[in-house]
Amino acid sequence: MLQIGNGLIIGSIYALVALGINVIWSIADVPDFSQGSIFVVSAYIGYFTVTWVKLPFVLALLAGMCVGSLMAFTFERFLYRRWRGAGRVQLLCAIALFFLWSNVVNALWTAKAKIFPAYLKGSLLGFSYMRLVVVAVAVILFVLVYIFIMKTKIGKAIRAASQESEAAQVLGININTVNSVVFMLGGALSGAAGVLVSPLYAIFPTMGDLPLLKALVVVILGGFGTVGGVLICGLGLGVLEALGAGYLSSAYQHGYAFIILIVVLTFLPKGLFGKM
Amino acid sequence: MASDTKMIEKKSKKVLEVRKLTKHFGGLAALNDVDLDVSESEILGIIGPNGAGKSTLFNIIAGFFPPTSGTVMFKGKELTGLRADQVAHQGIGRTFQASTLFKQFTVFDNVFNAFHMHYRQPPWKALLHTRAVRQEEGTMKQKAMEILNFTGLASQKDKLAENLSSGYQKILAISIALATNPKLLLLDEPVTTLSPHMVEAVMGLVTKVRDTGTTVLIIEHNMKAIMDYCDRIAVLAYGSKIAEGLPREIGENKEVVEAYLGVMG
Amino acid sequence: MFGASRVAIAVSIIILILIPQLASNYVIYVVILAMLYAILTASYDLLTGYTGPLSFCHAAFYGLGAYTSAILTLRTGMSFWLAFPITGVWVFLFAAAVGYPALKIRGHYFAVTTFFFGHFVYLFLLNSRKLTNGPLGLRGIRPPDSILGIDFSSLNASYYLVLFFGVLIVVFLHLFVKSRIGRALVSIRENEDLAESIGINTSFYKVLAFSISAGLAGMAGSLFAHFFRLLHPSTFAWMISEMIVIMALVGGLGTLIGPIIGAGLVTFFLELVRPAPELRFILLSIMLILVLLFEPKGLMGIFWRIRGEK
C-alpha cells in the first residue's frame, strides 16, 4: 500500500514533466531534453526562494514555474524555431542544451546536494502532508492544463496544430504563437515538477536526469495520447517502479522503465494509446 | 494508338493479378475487394478522385505495407508478405508521388546507386575493391549512362538532383526505377504539375519504356495524358474499382463521370 | 581522391609515427586518448553520418567492450590478443540483438531509445558489483602480453599499438563506405523509401551499420582497458556519448575524415581547458550549438566552402 502510494507520488511527477514534453513533441516535433534542465534549475530557484528570500512554498512554486516558462520560451524563440521542420537538428540542439545546463548547474551550485527545509510536519495514513500536497498540486495542474487545452481558443489551436501543422493558422492563430505557448506551458510544468520534488528528495545537479528519462518513456508509451493518457502512463510507471523496487530488486529500479519501453515498442511500435 | 489496341487484342498473358485486395487503416477501408488484371506490355492507367485508394494499391503491390486481406500475384508468384526490397528483386520498379530522389546526389549517382541489386561479386570482395569488383562497377556505370541516354538526361548527369526542373526530376525518378531492370513499372503521378510540353516528353518516354517489353501502371490526374497514352484504364472511387476498360469506354461511362464530378465539382 | 589529400594523410601518419620519438610523455598520452576517440567518432560516423539514424549510446558500446575485455582477461587469464577480437565480435553480436528491434523504430523514437540504452548500460556497469566491481572500479587489468619482444606496458609501445589498430580500423571503414555497401547505406540516409524501392534491404543494412559501428567501439574500449588498466563506469556515462556526437559533428558527419579531425581537435581543446574542469563540458556544448547554428557540416563544410565546392 505504502509502495503504491509512493509510486503514485513519483508517478505524478513523471506525468507532469511528460505532459509538457508530450505537447511540445506533438507540436514542434522535438523530444525536448532541455525540460530536464528546466526541472533542475527550477528546483534550485525554488530552494533559494525559500531559504534566501524566505518566501513561502507556494511562491517558490510560482517562481519555479515562471523561470521554467522563461527558459523554455527562450530556447524555442532563439534556437528551436530556426530549425522548425528539421527534427534532427532540433533534437541535437535539445541534447546540447541539456548537456549545457547540467554542467552550468554543476558549476554554479556544485555537486553537493542541498536539502529543502522541512515544511508541514505530520502525516496522514503514513504519508507526510508534504507528499500529499505534491500529489494535490500535480492533480490541480493537470486539471488546469486539461481545461486550458480543451476550452480556450489557443488550446484548440494547439490541438489542431498537433494534428496538422497548418491547421492552427485556419483558426487565425500564428504558428509561432502556438509554439511559444506550448514551450512556455511545458517549461512551467517541468518547473513545477522540479520545485515539487525538492522537499521530498535532495536537490543536486543531476536530479533531472531520471525524471526526464522517465517522462520521455511515458510520452512514448502514451503514444502522444490525451492529457488523461499521459497521467495514467505516468502514474502507472511510478507504481510499477515502486513495486519492482519493493519486490524484485531496487538496484535496477531505474532500469525497469527501459525494459518496459523496449518490450512495448517491440510489440506495439506505436505506443499503448497510440496513433503516430 | 492503333498499335496499342492491337496488343490488347492479342490477349497476351497476365503479368499482375490482384485479387480481392482490401486494406483497412484503423476503421477506414482504403481499399475494398479490388480485383485487377494487367497484361504484359500494356500501359494501364489508374484514375480516381483523391482518397480513392490509388496510392494504397501501389504501396501494397510494391510491398510497402501488407494488405488486410487479398492477394497480389506477379508472373504467377505470390507477392503478398514480401518486403519492399524483395518485391523490387522480383522485378517491380516504382516511383513516388512527390519527387522522391536522392536529392543531394548528382543525376548520375542517383541512377548508379539504383543498380544495388545487380552486383554479383561477393560482399567481402567488394570491401577489398578487387579488380573484378572494379570491373563490375565499371559495367554498372556504363549501364547507368545507357539509361541516362535512353531517358534523355545524359546532358544533366553532373547536376545535383535537387537542382533539376520538376519535369527532369520526374524523368530522373523513372530512370532510377529503370535501373532496377523492372518487368513492371509503377508510376505514381509522373506528369502531375508539369507543363503540356513536359507531359508529352514524359509520356513519350513511358511509351518507349513499354516498347522495350515493360508493363506500366500509371496513377495520374492529368486526364489528357491518361486518355492519350494508356491502353486501358481502371477507375477507383472510395476504395472500390467502379470501372475498367478502353479509354474511349471510360470517357463515356456515366458512373465514372459522376464519381469524378461528384467529388471534384 | 585528389593528390593533395593523399599527401596530407601521408604527412599526418608520418607525424603520428614520429610523435613518441619527439614529444613528452604527456603529449603521447593525450595523442593516445585522441586516437581512441578518433576510432569512436569514425565508427560512430558509419552509423549516424553515413546511414542516418541518430544515436546517443556510442559510449555504452565503448564501455561494454572495455569491461568485456577486462573481465575476460582478469577472470580467465585470457591473453589480450584473444580477448580483443572476441570483444569485437561479442559487442557486434550484442548490438545486432539490440539493434534489430530498436531500428524498427524510426526517427526520434530511435534516438531517444538509444539515449535510454546508454543510461541502462551505465546503470548496469554501476550496479553489477560482482561482475564489474561497481562504483569502486575495476583494477589490475594487465597490459597486452609481449609479442616479438615488445613490452606493451611501456607508453611508446601502447602508443604504437593504438596507432596500428586505429589506422587498421579507419582503413577498414574507408574501404567499407567506398564500396557498394557504403553506397547502400548512404542511399538509406538520403531516402529510406526510395532505397527500399531499388531493392535495398534497409533494416538489414541499418542493423549491419549499427553493429559494426558498435563492434569497433567495443574494440576501442578493449584498447582503452588494457592501456589505462583501470575502469570506472563514469568513463562510459551518457556525457561521453554526447562528447562523441559533438566531436563527430564538429568535424563533419558523413565524411570519415571529419570526425577523426574533430576527435583530435576536441581532445586537445579539452586538454587546454583542463585547469577549469567545470568549464570543459559547458564549452563543449556551446561548441555544439555554434556548429548547429553556423555550419552543420562542421569543419569539412568550412573546408568545402573555402575550396568553393557545394
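When the chains are written out, they are named A, B and C in that same order, and each has its own residue count from 1.
As a working rule, contacts are C-beta pairs under 8 Å (C-beta built on N, C-alpha and C of every residue); 3 or more make two chains touch, one makes a residue touch a chain.
Treat the numbers as computed from the prediction; the structure is a model and nothing was measured.
Can you figure out the chain closest to the middle, judged by Cα centres?
The chain sitting closest to the overall C-alpha centre is C.
Among all other chains, pick the one whose mean CA position is farthest from the mean CA position of chain B.
A
Just how far, in Å, is the C-alpha centre of chain B from the one of chain A?
47
State, to the nearest whole Å, the distance from the C-alpha centre of chain A to the C-alpha centre of chain C.
Taking the average C-alpha coordinate of chain A and of chain C, the gap between them is 32 Å.
Could you grab the centroid distance between chain B and chain C? Build each centroid from C-alpha atoms only and quote it in angstrom.
Centre separation, chain B to chain C: 42 Å.
Within the complex, which stretch of chain A touches chain C?
On the chain A side, the touching residues are 25, 29-31, 33, 79, 82-83, 87-89, 91-93, 95-97, 99-100, 102-104, 106-107, 209, 213, 216-217, 220, 251-252, 254-255, 257-258, 261-262, 265-266, 269.
So in the complex, which bits of chain B are touching chain C?
Residues 62-64, 83-86, 88-89, 93-94, 96, 100-105, 113-114, 116-117, 119, 123, 126-129, 133, 137, 176-177, 179-180.
Given the complex with chain A, which residues does chain C contribute to the contact?
Result: residues 54, 56, 101-102, 104-105, 107-109, 111-113, 115-117, 119-120, 123-124, 127, 239, 242, 245-246, 249, 278-279, 281-282, 284-286, 288-289, 292-293, 296 of chain C touch chain A.
Name, in rising order, each residue of chain C that touches chain B in their complex.
Residues 172, 175-176, 178-181, 183-184, 186-187, 190-191, 193-194, 196-202.
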